[in-house]
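In the two complexes that follow, chain A is the common piece, with chain B as its partner first and chain C second.
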Partner chain A sequence: MVFQQIIAGIITGSLYAIVALGLVVAYKVTGVMNFAYGYMGMISAYIFFTFFSMIGMNYILSFLISVAFGALVGYSVERGLLRPVRNISPASMVIITLGLLLVLEGTALQIWGNNYQQIPNLLNGVPFILKFSGGIIVIPQQNLLILGLVASVIVALILYLNLTFQGKAMRAVAQSEEIAKLMGINSNLIMSISWIISGAIGALAAVLVAPQTFVYPDMMLNLQIMGFTAAVLGGFESIPGSIIGGISIGIIENLVGTYISTNLKTTFSLAIIVAILLIKPEGLLGSAKVKRV
Partner chain B sequence: MNKKYWWFLPFVLFPIPFLEYPFLLSIFVLIGIYTIAAIGMDVLTTWAGQISIGNAAFFAVGAYTSAILVVNFHVPFLIAFLISGILSALIGVMVGLPALRVSGFYLAVITMAFGIAIQQMIGVFQITGGYNGIRNIPVPTFWIFKAGNPIYQYYIVLAIIFLIFTVISRISFSKSGMSLFAIRDSETAAKAFGINLLKYKLAAFASSAALTGFAGSLYASAIGFISPSQFDLTLSLDLLAMVIVGGAGNIMGVMIGAAFFIGLPFLLSGYNISITIIQGVALILILLFLPKGLLQIFKIKDLFKKKVI
Partner chain C sequence: MKIERWLKLTLAIERILEVENLNVKYGPVEAVRDTSFNVENGELVSILGSNGAGKSSTLKALAGLIHHEGKVRFFERDISRVEAHRIPYLGLMLCPERRGIFPDLNVEDNLLLGAYTIRKNRNLIKQNIEKVYGLFERLGERKKQLAGTLSGGEQQMLAIGRALMGEPKLLMLDEPSLGLSPKLVDFIFDALKTINKSGTAILLVEQNAMIAMEISNRIYVMQNGRFAISGNVRDIDFQTLKMKYLGV
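Showing the complex of A and B:
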């Protein structure tokens, strides 16, 4: 029973982890806390729904199209909306992403209406069953797919950031934009790339979670809130941190939901996370910052 | 009377042409109520420099405290109103405690978590009516002010705003106000000058929460029906947006922000286009072209001035 809950927690947590990852990638390079992130993904889930359920295209092809669309949304938001106002205050930046959220929500309502749309799982075969002395663990195939895709995205991202020139340039811009520019790095290009990656990851998360949540304008709200919490728990600046943060929140949430209270699941999980942050204010893997006065 | 209070006179005369239109008056009342809540947000963000996206929780605490006291225990509204502000302030102190250790986005996420937790708890407990909420909250009646025409609510809300304005304009140039500005500009420097961070940060959270709680209490009686879904994350973000869109640090600006957010949906409700799109586009355009908020339009001199920085 406990193991079953922990496994289920890891699956939910892995979705929180990639949402956190997408937020952190955009935040580290451009310094924008993106409140519209989930809603950008939501549009891609609708694109998937349109191509797969309405036009009748192949599942994998629609999947790829929607992820590519997510990347395009990420690029256009950074290029068209955020770059012109790079120097405004953080609170104003939050409000700009709130404006974007409203626009995306309204657009989805206008085009696709308010109904809950269904998306089928890609893998619907016999669940994977693991028997051992303590009991049995049942894992549906779709969840294995989620886990596999999330793991490969994370590995690909870490390899990209550490091994390619562009990845190194991205880390350099994240550390100091000024100095990176002096070293001849095209920081505008790097910022666009970071949002392209972030947008694609958001679309991937939305399409993966859509079979469980259905597709509707607010479908990503919970995932986005938990993604933020995961990112903060992990230190908001660190990629391994957000993965650990996401998975631990998933596990905490599932255990709390089973053993303490289903109705107050979110409340208790958030209380635990706030408690952790009070003990370690810079997050699990973040580093304390010393500011010049 | 001091010169700076004169701008209030038009607001006293303003509703007279609308006496025959109670619906319009009730919208003005709502704008006033949100102005109070947004001033609470302004005190926290513009004065003390603490970001919060959980202020909807204080709004909810105020609304529910007042509604439960009035509906279940038949407490007079004035007492319920005061209790809801005090209770909100106490909870504000609780939320302010983490602010002593974390700041910036961490604080934003902690306050967001708090807002979501309160919303969920309200939905679960019996006394708050669960997800169905509380219905038939009576409109308060003071001696000559009988329920019926919202004009009385309008003047009550206006009087409260005037009171808040008087208190705030006193505080802002006192030692406490200056200490808050110092904390906003640099915590370390403020500490070095002997400013007690604990005291002032908690005071900022408490007063923000109290103002928002008062607004919540007025809201419950003005609307007459409350349920958890009214106090979601969007409300917290809207309160922050009212401050930024109108003009931070200025009650007039905050009022414009509230009018923009509450009035716009009513103006556009006749057209067959999603209001959220227009609201979102307007929000983005305002921040792109008027980064200091809508108040900039009225300061025409500033618009044509060359920027130094």
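Showing the complex of A and C:
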């Protein structure tokens, strides 16, 4: 029973983790907390719904189109809405993302209405069953798919950031835009790329979670809040921080839901996180900022 | 490709940097006023002056980081409106004030980013990394160490090494002696001399006038955004310099 809940927690947590990751990538490179992040993903879930359920296109093709659409949304938001004000007022960029949240919600409502639309799992086969002396663990195939995709995204992102010139340039821009320019790095381009990656990750998370939440304008609300929390818990700094943050929240949430109260699941887990942050304000893996002058 | 052809053309040019009536303003404050100077091929030229004289602003303007007026010609090409990130491709590299290394990246990655302009040429990068390790052995011993954990002197070596990775034709340095012990300053300036002798022209900005004069061919002394004195180091009257420079 406990193991079953922990496994379920890891699956939910892995979704929190990539949402956190998408937020952190954009934040580290451009310095913007994207409050519209979940809602940008929601639009992609509707794109999936439109192509797959309404037009009747192939599942995987619809999936790829919606992720590509997420990348496009990420690019457009950074290029069209944030960059024009970047050098004028950093604070207003955050307000812009809040405004965007409302616009996206309204747009989805206008186009697709507020019915809960259903989209199916990609994998519906016999669940994966693990029997051992302590009990039995059941993992639906879709959950294994989620875990696999999330893990691949994380590995790909780590390899990109550490092994390619462009990935290193991205880390350079995250540390100092001005110095990066002195190296010949086109920091505007790198910022665009970071939002493209972030947007694609958000779309992926939305399409993966959609079979459970259904597709509706506020479908990503919970995932966005938990993704933020995961990022904060991880220190809003690093990839490992986001992953550990996401998965710990997933597990805590599932255990609280099972053993304490389903209604209190979110409240209780957030309270635990507040407590952790009171003890360690820089987050689990964040570093206390020490600067050599 | 255009750039490559242009770089070939540059071989025959003697006056590599020519600045005419440079003006930099921060709002109503004029940091650099109508400044003109030049750097010849192979030269080591220093701009000296006290804090706030406009030296750093001059270099930042040349690197395209801040808005400026006036003409800046690099190898006879007007670069006053070229974007900052395109300037290193032309062979003009700024090693910024306070080193500006990337603290969360290791030594080797810092150097690789210095080679961003030649990133397609892996062999050349390998070769240049070895050259930098040859010049600064301490860096070679700390390849995998995070740059933020290096000592001040090592960070300065890293910043200079990084600036050399892309094989600049003119290396600009902003206060490389800042915050270093006299012994380290000597070491760094010896290295600069070596770099200059191997054919890279250097434009140096320094508060530490004595050490800068030891290695320079020519100097410009800046005061309130203008040049008070300029000339060949051998011809500079030390008393006048002291008067102007220290404001006595």
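Criterion: the second predicted complex is superposed on the first by the 284 of 293 C-alpha atoms of A that agree within 3 Å, B and C clash if a C-alpha of one lies under 4 Å from a C-alpha of the other, contacts with A are read in each partner's own complex, and residues count from 1 in each chain.
Simple rule for what comes next: a contact is a pair of C-beta atoms (placed from the backbone, for glycine too) under 8 Å apart; a residue touches a chain by one contact, two chains touch by 3 or more.
A quick note: this is a predicted structure, and the numbers were derived from the prediction, not measured.
On the shared subunit chain A, the superposed partners chain B and chain C are arranged side by side without overlap. Applying the stated contact rule after C-alpha superposition, one finds that A:68 touches neither chain B nor chain C. Residue contacts after overlaying the shared chain place A:99 against chain B, while chain C stays out of touching range. Taking the C-alpha centre of chain A as the vertex, the lines to the centres of chain B and chain C open to an angle of 90 degrees, rounded to the nearest 10.
In the superposition on chain A, A:88 makes contact with chain B only, not with chain C. Taking chain B and chain C in turn and counting the residues of chain A each one touches, the greater count comes from B.
Within the superposed three-chain model, A:57 lies out of touch with both chain B and chain C [touch as defined at top]. By the document's definition of touching, neither partner reaches A:144: not chain B, not chain C. By the touch criterion stated above, A:158 is placed in contact with neither chain B nor chain C. In the superposed pair of complexes, A:276 makes contact with neither chain B nor chain C. Superposition on chain A leaves chain B and chain C with their closest Cα atoms 5 Å from each other. In the superposition on chain A, none of the residues of chain A is touched both by chain B in one structure and by chain C in the other.
Of all the residues in chain C, the ones that touch chain A in their complex are 63-65, 84-89, 93-94, 96, 100-105, 109, 112-114, 116-117, 119, 148, 152, 162, 166. By the touch rule above, chain B contacts chain A in their complex via residues 45, 51, 53, 98, 101-102, 104-106, 108-110, 112-114, 116-117, 120-121, 123-124, 186, 188-189, 192, 233, 237, 240-241, 244-245, 273-284, 287-288, 291. Across the interface of their complex, chain C is touched by residues 165, 168-169, 171-172, 175-176, 178-187, 292 of chain A.
Listed in rising order, the residues of chain A touching chain B in the complex are 33, 35, 81, 84-85, 88, 90-92, 94-96, 98-107, 109-110, 221, 225, 228-229, 232, 236, 263-264, 266-267, 270-271, 273-274, 277-278, 281-283, 291, 293.
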